[in-house]
Every structure is written in structure tokens, then in C-alpha cells.
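Encoded as C-alpha cells, the structure appears first; notes follow it.
For clarity, chains are labelled A, B, C, D and E in written order, and residue numbers in each chain start from 1.
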Amino acid sequence: MAKIVCKDLKKSYDGKTEVLAGINLEIQEGEFFILVGPSGCGKSTLLRIIAGLEGVSAGELIMDGKLANEMLPKDRNLTMVFQSYALYPHLSVRDNILFGLDVKKVAKDEQERRLAEAAELLGLTDYLDRKPRALSGGQRQRVALARSVCSQAPLCLMDEPLSNLDAKLRASMRVEIRRLQQRLGLTVVYVTHDQVEAMTMGDRIAVLSNGRIQQLGTPLELYNHPANEFVATFIGTPQMNMAIAEVQPEGLVLNDDVVVPLSAEDRAKLPAGTRWKVGFRPEQVYPATATSVHQVDVSVVSSEMMGNETLIFFNVGSELFTARWQGQHRVETGAALRVSLDPRYAHFFDVNTGALVRAAEDLDEQGARSTSVVDESLAARMEAAPAAPMA
Amino acid sequence: MALRSKRSLAGAEAAGAAAVAVPPKEAPGGKRSLAGWVYLLPSIAIFAIFVIYPFARTIITSFFATTPAGGLTQFIGLSNFITLFTDPLYTQAIANTLIYVVLTVPLTIVIALLLAVLTAQDLPGMGIFRTIFSATMGISVAAAAVFWNLLFNANSGVLNRIIEFFGGEGVGWLIDQNFALVSVSIISIWMNLGMAYLILLGAIKSIDDSYYESVDIVGGGFWYRLRRVTVPLISPSLFFVLTVTLISAFQSFGLIDMLTQGGPNNATVLLIYRLYRDAFVNFRIGSASAQGVILFIVIFAISYIQNKLTESKVTYQ
Amino acid sequence: SGGGDTTTTENGKTVILLWNSMDGSRGDALQKIVDGFNEQSDEFEVQSEYQGSYDESTGSFFNMAGGSGAPAIVQIGEQNLQSMIDSGLVANVSDLIEQTDFDDSDLLEQAVNFYTYDSSMYAMPFNSSCPVVYYNQDVLTEAGVTELPTTFEGLTAAAEQIAAASDVTPVGLFAYGYAMDQMVTNMGGYVVNNENGRKERCTEVAYQDQIKVLFDWVKSLNDAGQLTPFSSEDDAISGFSQRQCAIYIDTSATARQIIDAADFEVSIGFLPVSEGTEAEGIYAGGGALCISAGLSDDVARGVMEFCAYATSADVQATWAGDTGYFPISTGAYETDTLSKIYTEYPQLEVSANQLRNSKVNNITAGPLCSQLPQLRTDLETALESVFNGGDVDAAIETAVNSTNSAIESANAGVA
Amino acid sequence: MPFTKRKTRVAGIGRRTSRTGLIAMYAVLIVAAVVVGFPVLFSFSLSFTPLSDIINGIYIPTSLYLENYVNAFEAQPFAQFIVNSFVVGIVGTALQIVFSMLAAYALVFIPFGGKRIIFLVIMATMMIPAEVLVVTNFQTIRAMGLIDTYAGLILPGVATTFGIFLYRQNMMQIPGELKEASDVAGLSRFQFFIRVVVPMVKNTTVTLAIYFFLVTWNAYLWPLISTTNDTARTVQIGLRTLNSSEGMSDFGMMAAGAVITSIPTLALIFFGQKRLQEGMTKGALK
Amino acid sequence: MAKIVCKDLKKSYDGKTEVLAGINLEIQEGEFFILVGPSGCGKSTLLRIIAGLEGVSAGELIMDGKLANEMLPKDRNLTMVFQSYALYPHLSVRDNILFGLDVKKVAKDEQERRLAEAAELLGLTDYLDRKPRALSGGQRQRVALARSVCSQAPLCLMDEPLSNLDAKLRASMRVEIRRLQQRLGLTVVYVTHDQVEAMTMGDRIAVLSNGRIQQLGTPLELYNHPANEFVATFIGTPQMNMAIAEVQPEGLVLNDDVVVPLSAEDRAKLPAGTRWKVGFRPEQVYPATATSVHQVDVSVVSSEMMGNETLIFFNVGSELFTARWQGQHRVETGAALRVSLDPRYAHFFDVNTGALVRAAEDLDEQGARSTSVVDESLAARMEAAPAAPMA
């Protein structure tokens, strides 16, 4: 049974602007559900409506099969990790974690058991007697998580719970949260603005913008088949390069500037029409080889070498395109660069509505680009570059 | 800001420590300077002239016999103090004062707190309630005495009429020695309510919503919220209100003077009122000075104890 | 002005500064006297300033004495006299009387008696009043009480008749220290020792026997349920006006207001004594004018001129009519003004007579004691304890001890 | 975070309170409001009732009876007193503000020796009963020739522990970086004070201004003692004078006087309530 | 001339623990100098010492050739962007930006000119009349930057100036700041905890830890030749996989668990000794090909697919190793995986001191892995994988 169902949910704070303008979604029991979207799009609002902290203006919220519009928060049997932690400064870490369990009449020894487990899990064992003010930001966030863990409510709402952790800790917390959710079979609704979290943690992602769900699907569906231009540029970093494309006799003209040569085969495969918005992901802007058909010559605006990868920026018309290449490549600003912009890897969007016309090719039926790591050809491809001894 | 004070404290500790690795240095230009005194001068001067100096004189006077006009005639050591402590009426004044403080301070704060909790939320009509509850702050002691006298008169007072109307029996509010201190306390609570209420209201309103939402999710009721969230989170304000109310309770003289003059049967003689009588009516300046010193010590001691007792319960965010 | 320098008004009159404690309507009445004086004087102008209660005014006078802005005349209450004398800041009025040929023959001797110590007068009597007994005549008549009682026993009997005849509580009292020491005097007792402090400085109280009579009486009424204690004078006035009691004791200064406000007939009687004793009479309490020491001759002359004006028969008569104080000059009692008032309010004459009929001796000179305020407070406390069912002897003892220790410590300062 | 000014939605009783809970709450509040407001309303009513009615227990005016006010104004120069009260209140308040602000600034932002001691001494002065100070202060003021002047009324009160304390708490919340940023920008100490600290403690200033004004307006003992005539006296003395110390008080007139003296302060609270409540909190946060 | 010289700079707040325990560095005029290090390592402290907001306990700070230990902040002619912005809440954005210029006696029209320029640059033109409280976190940070820009002091100190911006904005700000610094020839000292900023913006990076500078060099020097284990794991994300390695007859044994076969040639190339700590960067853990010599079989613990890359986690002894592969690869948890761990790509550290013994090979003399983008073989390698049409 679906844990949470939103039917045409609307919310307005001031009676004029609709923060949520009709949300429809179903969240399944045991699902890890992620909400993303630009700042101010209503993510927290939706979460708070589910928690019962905010009323709805219209529509229905159904939880566990019952209409929950007017249900009190405490009757919803859920727990929430607040964006601002909501730790009580006067309580020790221990009491903060256990906060509210007495209301729920959880026995003392059971409380102790859960506390020990949660503290262990989140590496807080040494800090139990401190007050929140004596903790670093990351530790505070972990206490908030621990409280949620201890409550063992079957539904857990989290509002950007990792935003204040450093990269290293964040990586390990991602794994822990996911593991915990799977072990306890929790349903989690998780708000984040972090790409990595969105892509790696969720069973499904909902992209919210302008009060509506722009797309709902698995991380890879969103990445590989973005429903529209908004989702395409929102998911993936560095963001997708977008340009207006027009079919001309000489090829595909991007932003009235760069011409990508097209083979007859290419032309046949183009979607209907002659003018689109097209998007190339930075990692699919490859250096051209001698045999490349789709090569274009561009001039490098700047580049950033980042140890394990290099970003190269160049202009396509008025737009700055980014290429993302593995390894360290010294590229002079102003250097001429020949890159391959293969239309097979391009996403095509309706030039007016921004709706997806055709996703990039080269994807399996589930939208992933390859199926198995033991595939020899993959290995060959992957190691190909560094295996060749340098001159 | 917390760091700032920590730093200076740490500095002080370091100065005392035996083995100092590296002496901490002030930031350039942060050298001790006279500038601070320049800014403090106006206040310090006023304090010195109008508080410290007269109090020093009071302390000296307390060791002397005096003329009615306050002239020092004879050094009598602790005699003024000893006389006071052997005077059963003075001991009674001490007891009265303690009872009065115990009656007024907690009740003022509890009532103010409850009203503040109930009106903290922005619901319809709250503006009116807030104004009414804070209004007593604007009433002078003289006006309050007038107002309440009209209510409390045992026979002509409205209060008893209301009580009798409902079939009860009137009370000798200000005349019955078992009621007088309570009656004065009621007025005092009424008068101090406004300010305590305002401070606490402000404090509650500045508590982040998420603390309450967190309780909402858990499901704690009104008292649970109050006990576990509101009170601890506004503890600095409560502490502040407690201190101010406490000190002012020890110094509340106006009401007594205007309503009961210490009666009936000395039931409402507070330390400060006794002091006032001896200084301004009986012209026993030496004794009054001694009482001033005692009162200061009592207030100081109680504030100190109060501070120590509540310190650990106060959490600053 | 008083003290060192002398100030003059724009039109060249010498300013005489007068500090008063006349609040409410009495302030207006005093201003009338001041205005009257100023109008008729080419040389002096009295400026009258309110300084709070007698006690507050006295305190300010102590602090101000000698400096600029200090008053030439300060109005005090009888309880402040000893402190004033002790301070050495006030002039010997008798000397001034001599110096300025002031005619003091018309002054009520009972009044002079109080303000005189060691045959010198230290304040000019000005506004006097005394406690009297108020009766609700309607209730008395209804209960068959035909004559106003003059003894405690008579009052008790009247109370019993009233209790039997109506549901009005017979007697109402509020703790009124001034009335109590007046009753001690009336019963022929010294309030403080050394003959009321008239022979030499008093060292302790001496009122025990008389107070015990009073308190025993109060206690018996209280035990019989025939007493309503009031919290304050205001409370008592409205209680009496609203028939919560039929008999009560208060100052004569309130008589007019009470008579006007009551919708029944009000009678006024003398303070009671024990059966078989003769009433000694009362002392002339109330306010008097102290004169600052060390005034320039000029100002001193002006002060005495004002005193002469203020104590003159007509002025006193008007003043009495305006306020309820009774005149302290004998001539005033013969004026038309006063007789008109007494025709309209015959009760007022009763209270005046109480003073005028008093004997003149050290008993009726009244207590001279710097701790008189404390003495009264202690008596009030004791009475309230009796109201509340306390033991009479214990209450008196507490009061005696408290007052005695106050006197001792105050005397230490002037010894 | 929305930057719009948000309403407090859950503080205290909780947003999703049941209907009965809400009714109970309003009931309690209304009862409390009646109890708290009654003395004032009652006196207001009395101020329009003739004395003869009051003595006989009639407290509600039967007609618009203004005599009590007329009497009050006739009995005392209330107009003059009100002017005096305003002058003393406003000038005193202004000076208290300036003095406290300067002192608090030194205590918070300027490093110098003895700071802690000074602060403790200032705090301790709060515990000295004012009654023991007035006599000596009277003599001091007299020596300065300030009896019966506004200056004499104002001066002893211009340094206030409460003000210094509240400003200090408030200034301690100003992030240290702001001082550092202006150090880097080259502002002098005084420039920082004027340009940054003063505007930033605005709320506290409003709060304290109202508070100081109320305190000054309502002061009784010192104004009585330090003045000998009506030129500089304040309304509280006027009110006190209406109250007859011997004989019976004119309740109606006193009620009128009490109303007259309370109206300006009540108006101030009525309009300043919000600011007060915001600013007052500051003192509590360390 | 060196702009800033620190000679054996020490700082202790409490006289006991040394936050800075002897810092030696020179910052050149016009240099973009980056300070990184874990939280609480003293980065802000060092910056504040340079600004003159904090005294030094010992050592010398020399600025523009003059001893500056006791110089007042205002005499140092610098500007600072505070971690917490230090915006004046009572001043409008305009006045915040211009704050202090009047004290420096900059003429009104000159102020206006600078304001217009800075506001334009930072996209604040529309907000000039707002108060800071009405700005989002990102906008506030830009105001702080604008103030710095307007002051035109030759030295600019920045404490995590971009930490509160979202990914998109942060990317563009990186470019703008760098551009500005170069245009105006500013000397910038820049504290950050962001890897991307550290790698892309700075001329040189100093890695601070335990009160000392662990390493000082260009971004690529740090990436390719980390001076010690600390720097190696600190720079690069996901972080370098570390294991204890021992030479045994059967090969290189990692964490007493995994055996990497070694050819004779490999053995010859190993540094002296038989036991080291070795580190493999996740992107150099390749899938093994049929011809791989260094293949080991591991079991997948978990994997994260992130659109353009996939992270695969497996255990080596008790340590979790990460492999980072391009593209989307569906890997089942528990699947057997054959990866290549080539000792050529490993960094060798002293097992006791953690000091670098030998950096990974395969680097050019400047530490970069390839030299030119027009190199045909590179292009071949880069496009090789996706160019092969899928089956």
C-alpha cells in the first residue's frame, strides 16, 4: 500500500501566490524518496505538510490509506530531521536524542538500548553528555539524525540533513543513512540540494519547481531522460550545455555559430522538425579523433584542472560550453580545440515548451549505459587510456 | 561574542599558569588604553556622586548616634545594628519581607509566564490582551494605591461587594492581619506583572518554531511543552526577570506607605518601609543607615544565592 | 525667604517662604489665608509651598535648613515638635513675640500649652483638631439611647442596646494613634514620662494604665461581636456613612464632610473616660507653624506679621469654616462667621468645646517626644492586634518596649 | 528561508490546538484581562462619579460628571505638573540613553583593565535601596544649587544600571566581525560607535526610552524631596497632594487625578508595546 | 618583492595549546594563495593575524618588507571578506559596499563609479537599496565580496567566501573572482574547504594541519606529489584509498588481505624497503582487462551511480576502497569484481612517518598527466569508449 498519497495538493501562505500548485505523487512503503528543486520551490513546505506542521489549502493528503489533511502531527507516527536541527540547547546530547520518547511511553531500558545503538551508529558515543553548543555543526546534525533514528517511527522526513557536514563525513553518512533505512524498512522522504545525495541515495526523485513536480522517477531516469529542459539542467554537474540547434544543409547549427557536420545516417535519426533546444552533457563533449565525423573547432576560454579531471570552457555562440575530461590536461586559454559533438549524445527539447523531444541514445532499456562490470569490453575501454605507456 | 569573553578569561588563567608555552598577545592596537574610561566617565561620575558617595556616608552614619537632622553625634560602634537585631519588630520585618518576597516573586513570574505563553501566538485578539497585560507597567505606585484602595476597602470596597453578591463573606483585605500582607502582595504582583510579562513574551516569541514543531511531532501536551521546551529555552529571560523582580520586591516601599503604613499589627512592615519610617518620620538617621546597610547585604546575599542556584539551570543559546 | 539671604519680589516686597502640608481642599483654604495676607501687606509677600506630609516637610526642613530656598515658616504636626526643638534649627517663638510686640493674649491657652516647653513656645499654633466620637443618631434613637455616652461603660451599654435593636454593628474603630494618646490624656494619664516630657526629656512611655482601660473595652466589644475594625480612616468614614457601624471615633476635621455625606442624622460627642473619673480634656494637636532660626530681623518681623494675621479672629473663623479645624484664637469664637457655621452645624461646636473645656496642666500639655510617630504606630499595632483577638497585656507590652527602645536610641543622638 | 516577516505560529500553546483548547485559552485570557484591567477601569469609572455616590456605594456614573476632573485641575496645577513631567521625562530619558550607551560600549568593545570590577560595582549599585541615598543626594543637589530645577530632578538618575546592563547584553550580540571589519576599513573607535553600534542597538534604545520615561514619570520620592515648590514638580506629587492625609479623601477626584497621571504612560505602552517586548528580550540573552 | 612573509609564526590563544606552531611562508605580490586544512586547523587564525586582528605569540610577520607584528589593521592597506560576511544589518547594500570608503577619503563620484562596477560584476545592481536581511545567503556573500572589490586594496583576504552559494553560482563566482584578481593584479589569500576551489583558483596552495604547513605548492604538485599521507588523503575526492602494503613472494599484499601480482619489472621499480603505506586514487582503480597483470578479485560492498560516473566500494582488508569509473554501471552488491591495482599508479608512504617515499609514475615533469589536447592519441583514448556503438 502506498504510504503517502498526495492528490492535487495545493498550498498558499498568503492566499495569493501558490507555493504548491497541485502536487500529485505516491510514496511507497519502504521507499527512499527524494525531493529536489531550486531554493524556495516549496520542498520544505511539502515536507512540513506531510508532517502535519502546515495545513493544505486544497487537495488531499492520504497517509496509510486514511485522509490525513486534518490529522495532528503526533498521530502521524513519523519523525523529522529539521534543516535547523531543532536541538534543545538546554539538553545534553543524550536527552536531545531521547527527546519525546517519554511521551511515547517507551520504557527506560528500551530507551537506553536505542540510545546506545544510535550513538554508536552516528559516532556520538563520546559526546552524550555535552550540550549542543559544545558540538561542531556536523556533530549537531548527527544528533538530529540520532533522534530520528531512536524514535523508530516507520516514516522519516529529512530536510537537508547533511548540508552542514564536510565532504568526507557526508560521504560516510550517505552510506549509513541508506543502510539504516534499508535495515529498518523505513519510508524516507528526503529533501536535498546536493546532486550526489540525490543521485546515490534515493529510490526515486521528484524534481520540484514553480510549485509543480517537473519529473518523478529513478535517479537514472532523470539523468538519462530528463522530462524537460529544467530537469536536464538541474540534474547533473557541471550542468548540461544547452544550445539552440537548427538543421541546415551544412549540418546542425548551434546557436547560429558552431556547425556540427551531419552524416546522412545522423540526419535520418534526428527527431521530427528542424529547430530544437539541444543539450550535451559536459562529459560527452569529447576530443575529436581523426575519424570523428562531428568535429567542430572551438577556441578555449578557460580551463580548470582538478586533479582527476579537467574542465574546459569554450563559446558556442553566446553560450559557454563545458567539456569535462578525465585526467589532467594542460590547456592554454585561447588554444584551438577540436571537439566532437555527436548528436547521438544530445538531448532534444522542444524549442518553445522545453519538453523533451528525444533523449540521448546509447542507453539500455533501463536508461543505464552499460549493464555489467564483468563485460570485458567495458574493462578494455576503461583502462585503455592509462594502460598505454606514455611516450 | 562568546569567544571574546572566553579569550579574556583564558588570558587571565594563562597569566597565573606556571609553564606558559607562548604568551598570548593582544591584537595590534588592542593594548590596554584609557579610552574605555573616557566612555565610562559620565556614568561612573554620576554613580560616584549619587550612589557610591551617599552609600559610603550611609555606612559611616550607621556606626553613629545622630540628631534628627542627621548630624553625627557619637560613635557607637555596632550599637545600631545590635539594637535592630534585638528588636522583635525588626525581626518581624525581616520575616514579613521574606514572606512578601516568597509570595510575590514566584507568583509574578508564574502568572506572567502563563499569560505570555497563552498570548505568544499570533491569534486574533492577542494584541488587545498583550496591551492589557503589559499596561500595569505604566501605572505609578501612587495611582495603583488609589486604584486598589478603592477595591480593597473592607466595607466600601468593591471587591467585598462582589464577593458578597456571590454569597461569599467579605474579607478585611488590608485590615485583617492575616490578609494584609497577602493583599499587598496581590497589588504588587499586579504592578510587576506588566514588565515581567513583556520580557517573557518577547523571549517566547523569539524561540524558533522548529523547537515546537519538534514537540508537535512527538505529541507532548501543553504542560510538556511548557516544562520541556518553553521554560528551558527562555531560561535566560526568566533568570533576568527573577533577578529584577527579586531586587524590586526588597525595595517596594511605595505600596506599603500608601496603603497600610505597615499595619495592621505590623503585618506589612517590610524592611524597606521600616527604614523609610525611621529615616523620614522618626528621624532616627543612624538606625535607618544601619538598616540600609543590612538591606543591601540581604539583597546582595540573596541575589548571590539565587545566582548560584539557578546558574546551572540557565542555558544561553 | 529664610536662612541667610533675603529675597524680594519684583515690586519690592520681602518674600516670606512658608512650607505647608495642607493637601487637598485644605491647601486651597490655606492659600486663601496667604492671599489675604499678601493683599493687605505692602511690605511682605508670603509664598506658600506644599512639602508633602508634616513628616516629609520636617525632613526637608532639616536638610534644607540654612541654605537658600529654606523656608522662614514651616508647618509641622504636633508629633514633630520635639525633633524640631532638638534640631536647633527653629526659633524660640516666645522671643520673637517679645521682640515684635506680638499680641498673644488671644491665643487659646490649651494650644499654647502644647507648644510650650520650658516656658518657651517653639511653634505658633495654627490649625487644631481633636478626635471625637461620631454617632448615627437615627440608630441611637431607634435603639432608645437618649443621651450621648461619656464613659466607656456608657458606650458599652449603648452598644448593647443598639445590638439588640438593629442589625447595625454598634461600634467601628480604626487604628488611630492620635486618638489613642488623646484618650490617655483625657483619662488623666501622661503619655510619656517626666510629665509628658515637660519636666525634662522623656525617656519612656507612661500610658499603660489608660491604654489598658481602652484596650479592655475594645476587647470586650470585640468579643461580643459588637465591633467592626476598619482598615483606614477612609474605610471608616465610608463604613459609618453606609451604616456599617453606629458609633466611631475620628478627627473633628472630617465632621463637615461626614455630616454632609450621611443620609442620617449625625451626632458628635466627647471622648469617653472610665466611669467615675472626670475628663481631663485633650491637648491641642494638629498643625503649628515653626519659625526658622536665624532669620534677619526684617523677615522675622514679616513672619510675625503673618502669624498675627493668620491667628486673628476672623481669619481663624473662616479657616475653621473652610476646613473643620477649630480656631485657636478665642476671639474667633465670637465672630459671626463662626456662629453662622455653628448654627448650621451645631455638632462642630461640640468638638471645639472639647478642647476649650480642657484643663491646662502638664497632662493636657500633651506628650513631647521625638518618637511620637513611633509611639502612635506602636499603639496602632497593638490595637490592631487586639482587633485580631490578641492578648491586651501582651500587645501593650510589645508597644511599650518598641517605643521605649526607639526613644532610647533617639535620645542617644541628642544627648 | 523566507525573508518576509513571519508570524509566530506555534509558540506557547501550539498551532494545532483543539477547538476546546482554544476556547479554554480564550476563557482564561478574558478572565485574566478582566482581573488585570479591572482596577484601572473601575477607577476610570469612579473618576466620573460624584463623591456622594461613591460613599454610598454607587460606582457607575449615572451621568457624564466631569466635576472630579475640574476639581483635580483646580486643586493642583496639573497642567504645569504635566509639562514638568514631560520635560523631566524626556530630557532624563535622553541622558540616560546616552550615558548607558557610552558606558556599555566601553564595557563591550574597548579592552581596558578593571573592566570586570567596574561592571560588578555597577551591578551592585542596583541593590542599594534608593531611600538611603536621597537625603545625601538632596544635600549634594543643594550644594550644586539645583534645588527646584529640572537639572536637580534629572541628574542623580541619569546613570542607570538597568540601561547599562541591557545595552551591554545587546551590544554583546553584535558580531565581533563587525568591529573587525571596520578596523580593517580604518574607522576610529568613535566612528564605529556612532555609525555601527548606535544604529544597531536601536531596538534597545526604543525599549529603554519607553522604560526610562515610565520610570521617570512615575518617580515619587526624589521629585518630592528635591523640589520645594511647584515650578519643577511632577504629576505624581500632584496626585499625592490630592490625597488628603487627614480626614476623608475625595475618591472621585483622586481617581480623576490617577487617571490624569496614568494616561500619558498608558498611551505610551499602548503604542510602544510591540517595540518594548522586542527590545526587552535582549537583556536576557547573554 | 614578497608581499607577505611569515617567519616561524606562532599563535596560542590560551598559552597552552599552539594553534599555529611555527608557520613559514612567503606570498608573492599578485599571487592567488590558497589555505586549506581540516576544520579548526588555524586557517582563519592565520588570516586574521595577517589582517592584524589577532596578535602573534612569537615569530615575525613581514608585510611589504616591513615588520608588521604591531601594525594596526587600518595601516596594512588590505581588505577582508569574513566567513560570516560581516555585513552591517542597519545599512543598505549600497552603504555596506561603500563602508569605510569615506574614511579613506575616496571622492563621492569615485565611490559611485566603483560601486556601479562592483555591483554589476556581482549581479547586485537590483538589490542596492535593500537591507542585508532581505537578501538570500548567496546574495549576502556577494555583498561582502563587493565591499572587498570596491576597496581596491592591493591585498585581499578571503575566508571561505563562497561557502554559502549553491553549486551553480559558486561555479560562476570562482571564475569571476579569479578574473578580477588577475585584472587588478591583487594579492589574494583565500581560505576554503572546497576541493574544487582549491584546485582551480589558486596559484599555490598551503595545506595546514596541526598548526603546521604540511605542504606548499601548486595544486597539481599537491595532487600528484603529496608530501605525506595527510595531504594525499586531504586533496582529491573521493579520497585516496590507503592500505598497508608488504612485498611478499606472491606479490604486493594489501592490508594482509588482497594480493596484487607483481611482474619482475614491477618489483624492480618498487622503492626501497618491503613495507609501506600505499595509496591508490579511486579513478586509478580500473576494471581489469584480460591482459591486466595486476588484477585482484574483490567483492562489491555497494555502488553509487551518479549519472556521469559510478562509485564502486569494496573491501581491502578492513579498509573500504573506492573505484570511480566514468559512465553509468549497474553493479550488484556482492558481485565479484576484478579490478587492476597497478603499483605504477600507487603513491608510497613511509609506514611510520607517513612521508612520501615515491609518488605515482606516469606524470610529466610538471606533474600533469598529459600535455596537449591536440594529441591524437589522447583523443582516441577519450572517445574510445562511447564511440564504439553498443551491441
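We adopt the following convention: a contact is a pair of C-beta atoms (placed from the backbone, for glycine too) under 8 Å apart; a residue touches a chain by one contact, two chains touch by 3 or more.
Predicted model, so just to flag it, every value in this text is computed and none were measured.
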Chain pair showing more contacts of the two, D-E and C-D: C-D
Most widely separated chain from chain A, with each centre as the mean of CA atoms: C
Gap in Å, rounded to a whole number, between the CA centres of chain E and chain B: 57
Distance from chain D to chain B - Cα centre to Cα centre, in angstrom: 16
Between chain C and chain B, distance of the C-alpha-averaged centres to the nearest whole Å: 39
Contacts with two or more other chains, residues of chain D listed in rising order: 10, 15-16, 55, 57, 135, 175, 183, 240, 243, 251
Per-residue overlap in chain E, given as positions that touch at least 2 other chains: 52-53, 72-73, 136
Contacts with two or more other chains, residues of chain C listed in rising order: 56, 59, 63, 234, 238, 242
Residues of chain D defined as touching chain C within the complex: 51-52, 54-57, 74-75, 135, 138-139, 142, 145, 147-148, 224-225, 228-230, 237, 240-251
Chain D contact footprint on chain C (complex, rising order): 19, 21, 23-28, 47, 49-53, 56, 59-60, 63-64, 67-69, 71, 129, 233-234, 237-238, 241-242, 251, 253-254, 257-258, 260-261, 263, 324
Chain D - residues contacting chain B, complex: 7-16, 21-22, 25-26, 28-29, 32-33, 36-40, 42-43, 46, 55, 57, 59, 98-100, 102-103, 105-107, 110-113, 115, 118, 121-122, 124-133, 135-137, 140, 155-159, 162, 164, 172-176, 183, 189, 214, 217-218, 220-221, 236, 239-240, 243, 251, 254-255, 257-258, 261-262, 265-266, 268-270, 273, 276-281, 283-286
Complex interface listing, chain E residues touching chain B: 10-18, 52-58, 69-73
Chain A - residues contacting chain B, complex: 48, 51-53, 72-76, 78-80, 82, 84-86, 88-91, 99-100, 103-104, 131, 133, 151
